[in-house]
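What follows is a structure written as structure tokens; I'll ask about it next.
Chain nomenclature is as follows: A, B and C, assigned in order of appearance, with residue numbering initiated at 1 for each chain independently.
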Amino acid sequence: MSVTTRLIVKGGRVVDPATGTDGMFDVLIEDGVIRRVGKDLPVDGAEIYEVPRGAVVAPGLIDIHVHLREPGQEHKETVATGTASAVAGGFTAVACMPNTTPVNDHAGITQFILKKASEAGLARVYPIGAVSLGQKGDQLAELGEQKAAGCVAFTDDGHPVATALLMRRALEYAGMLGVPIIDHCEDPSLKGDGVAHEGYYASALGLRGIPGVAESLMVERDVSLAELTGAHVHIAHMSARQSIRAVRWGKDRGVRVTCEVAPHHFTLTDEALEAPIKYDTNLKMNPPLREAADRDAMLEGIIDGTVDLIATDHAPHHADEKMVEFDRAPFGIVGLETAVPIVFDRLVHTGKIGLSRMIALLSTNPAAVMHLAGGTLAEGSPGDITVLAPDMSVTVSAAALRSKSKNTPFDGWTFRGGVAATIVAGRIVYRA
Amino acid sequence: MTAIPGDRLIADITGTAPATLRSRHLLGIDGLDAGEIQLILDTAEAMKEIGTRSVKKVPTLRGRTVVNLFFEPSTRTRTSFEVAEKRLSADTLSIATAMSSVTKGESLLDTVRNIEAMAPDMIVIRHASSGAPHLLARMCRSTIVNAGDGMHEHPTQALLDAFTIRAHKKRLAGLKIAIVGDLLHSRVLRSNLLLLKTMGAEVWTCGPATLIPAGLERLGPRITTSIDEAVEGADVVMMLRIQQERMHGHFFPSVREYFSLFGLTSERLRRAAGDVIVMHPGPMNRGVEIDSEVADGASSVILEQVSNGVAIRMAVLYLLAGRDTAGNEG
Amino acid sequence: MPQVMDADRMSRALTRIAHEILERNRGLDEIALVGIRTRGVPIAKRLARSLKEINGDDVPTGALDITLYRDDLMRLPVGPQPVVRRTEIPFSIDDRKILLVDDVLYTGRTIRAALDALIDFGRPRAIQLVVMVDRGHRELPIRADFVGKNLPTSARQSVQVRLQEIDGADEVVIEGEP
């Protein structure tokens, strides 16, 4: 592993919404930091990376919703394999969720995760800590200490923040610390033991349903509490059209609410449960794939700005765990390595959004929402770059994924658009 | 001279039923077309006669092994399959999983793969999870027969129901058939709905609003929460079992109120057609969905359903066994 | 397609067979006819009529479907399964002389299956075999007691007995190269 102190990324179209840059420029990274963006930069012994023709040079992509599974569930994924998967997907940084075993509710775990990330030396890792001890919803975790240890936000993801009171207090407290609370919005009584979206397909297949309102009811709660406390709530993995309405309503009133959508929720619907394979557990996730009107609402929100960013909710599960009856399979699919191709193919090339918006959704806004350095190529920013190849043909092969787990619904799918290279702190950590 | 009643069936030779089923499994009514359904019903006619002989056996499946894998308790369906298998001279093995390795945490796939190591020809499976037979059909070698999966389908029940209706009404098309009960959780409903729609019947479904599945109208029936409306002029009334545990999900307040709003009484039955038949997949909760007077009355064909079950299952096993794969000499 | 028997000849053959049955069995005591589906059944019906005309008595007649007893059932390549039809034998066969009736006797396997089926119904005193056409090429030690016509054929040929009740006309035709 060579250490390059100076790297010039040459010959690409630089698109950086944060600085309003869009043009053919070279980028110089020195000592892990963006030094200059300009034309015909002097080489001076720097390593040169000439990007492929047609490539787009973007600030490093950031995925703020990833499950790295370490500590405790290393059969599904580790920090090492997860960050390898991230850089292969074009992500220079990920924020990882606390529902590990044990739950990341104290500084020791946060430090462990950071140490593993440093050893792997690939994508940057920003731990997200639990809101409550054990994510049980009874008692606040030591958010202050966790922040000092390196946590960038707090969530009980996997579960909603259990009560309105706890959510209120968490928002107030986290607001004091200047970090957001991320909520997995779901009313447990309406969700019940549901496993699929409550609708025609769940009924036809005999699967217990989860209505969209189970999610939006909680979104409405959180928007109201964010309004009350003046703090920032970020809604994780939105899926229901009613939730988009609730977020729009909040933003219109000036509430500090942001939200994310995962690629599968603007690409697939519950119709996929029936064909080509019935009861494919690679289509089981929470929140579930919903109906066409919901998918269309997600697309609308992405286009009109209601949706702030795209995050994958990368949720690896071992093949044995998924190869069971639908009811019993764990929720979740991997997503780090399919996100960029899907965004290109289904959003950019269909004309729904432009390249600039794509980069805002995947880099600029994730950095802004989570207050992370990065998300821009302004001088002094971290030397993280994603070299995108808008016309690369990508055929997804589950077996070839760098993630330890292969639970993707997109096996065999072909997309137009991919990642040519990923650079973290001035080092090329992935090349196609 | 003694007439040969069966002669009129000679006309069936040129009928529209195909000679084989397209799929090598029976996972549900979904995927069967009208011709295949008719083939199964016609074959069951022939199978029914075997049950009237003194030697109730034919050598057709001699040497074949059928495993009955029942993950949910069931006496009626399991016995029915066992009798059907034995009448076809198959070797049958019933595994009731309470006493098996499943309680030790073995996965469904592992359980079945272990059974497959002993090379059964067919596996009849009943499971509490919708889609369990489909998982097996994808991952295992044997022919799979669905004996009821979760809330999804119970194809042999719908087939025996259709057989029973056809025996009384001589047809399925154009009949008004009312299905009343817990529509949300019932696999019998889904299978019957699919079959009866395919065969051209007019189906009315009825139950409390809390037990009507989302999107039910897309499957084709008329939907009502009034049992009187459903039963009015009906040729067939099919009552579904209501599980008393449903009270805990706030689906209905009490058994008493359920019976008063949705129970089939002789009075309510009077609104139906004069020659109405009353059906129930069993086991019945007397006084909950149906009162004893109706269950035991002249219109009830509930016991016939049970005996027809054996003939239908014999027909299904026969038709699928002939489609056996390269695993066996075929 | 070469016709080897026309309606007239078939009718006379059946009449002749009826007389032979009566002669050999010394009357109709304890006799019953069982036609093998499908074309054995109308032939059995006609024979019953003939016997009644000659002798005056009704002959109990039944229909037997041997599909489930075939020895080639589960050995056929995947494809159309033989269709199973109802067996209707509305009388006891115990201690009776059963006359099995079929259209064509060829390898003998159908008759073997029919014998197995009959044994499951009871214990007849005797079983005799009536066929419209015997075309040879037996694969099992089976022979007919009463034959409408002996027809030497090659294995490449096929013999079809057509009946008014099913095919709209009476005739026996032979197809293929000898």
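Operating definition for what follows: contacts are C-beta pairs under 8 Å (C-beta built on N, C-alpha and C of every residue); 3 or more make two chains touch, one makes a residue touch a chain.
It should be emphasised that the depicted structure is a prediction, and the values quoted were computed from it without experimental measurement.
**Student:** Can you list every chain in contact with both chain B and chain C?
**Tutor:** Common neighbours, chain B/chain C: none found.
**Student:** Let me check something: if the centre of a chain is the mean of its CA atoms, which chain is farthest from chain A?
**Tutor:** Greatest centre separation from chain A goes to chain C.
**Student:** Nearest whole angstrom, what separates the Cα centre of chain B from the Cα centre of chain C?
**Tutor:** 38
**Student:** What is the distance in Å between the mean C-alpha positions of chain A and chain B?
**Tutor:** 46
**Student:** Once you find the CA centre of chain A and the CA centre of chain C, what distance in Å lies between them?
**Tutor:** Each chain reduced to its C-alpha mean, chain A and chain C end up 77 Å apart.
**Student:** Which residues of chain B touch chain C in their complex?
**Tutor:** Of all residues in chain B, those touching chain C are 1-2, 4-7, 9-10, 12-13, 17-20, 39, 42-43, 45-47, 49-50, 53-55, 57-61, 64, 88, 315, 318-319, 321-325, 328-330.
**Student:** Spell out the part of chain A that touches chain B in their complex, as residue ranges.
**Tutor:** 192, 198-209, 211, 277-279, 320, 323-328
**Student:** Considering the complex alone, what residue numbers of chain C touch chain B?
**Tutor:** Those in contact with chain B are residues 35, 38, 41-42, 44-45, 48-49, 52, 58-63, 65, 67-69, 73-88, 90-91, 116-117, 120-122, 165-166.
**Student:** Any idea which chain B residues touch chain A in the complex?
**Tutor:** It is residues 30, 107-109, 127-132, 134-135, 138-139, 149-153, 187, 190, 213-216, 218-219, 249 of chain B that touch chain A.
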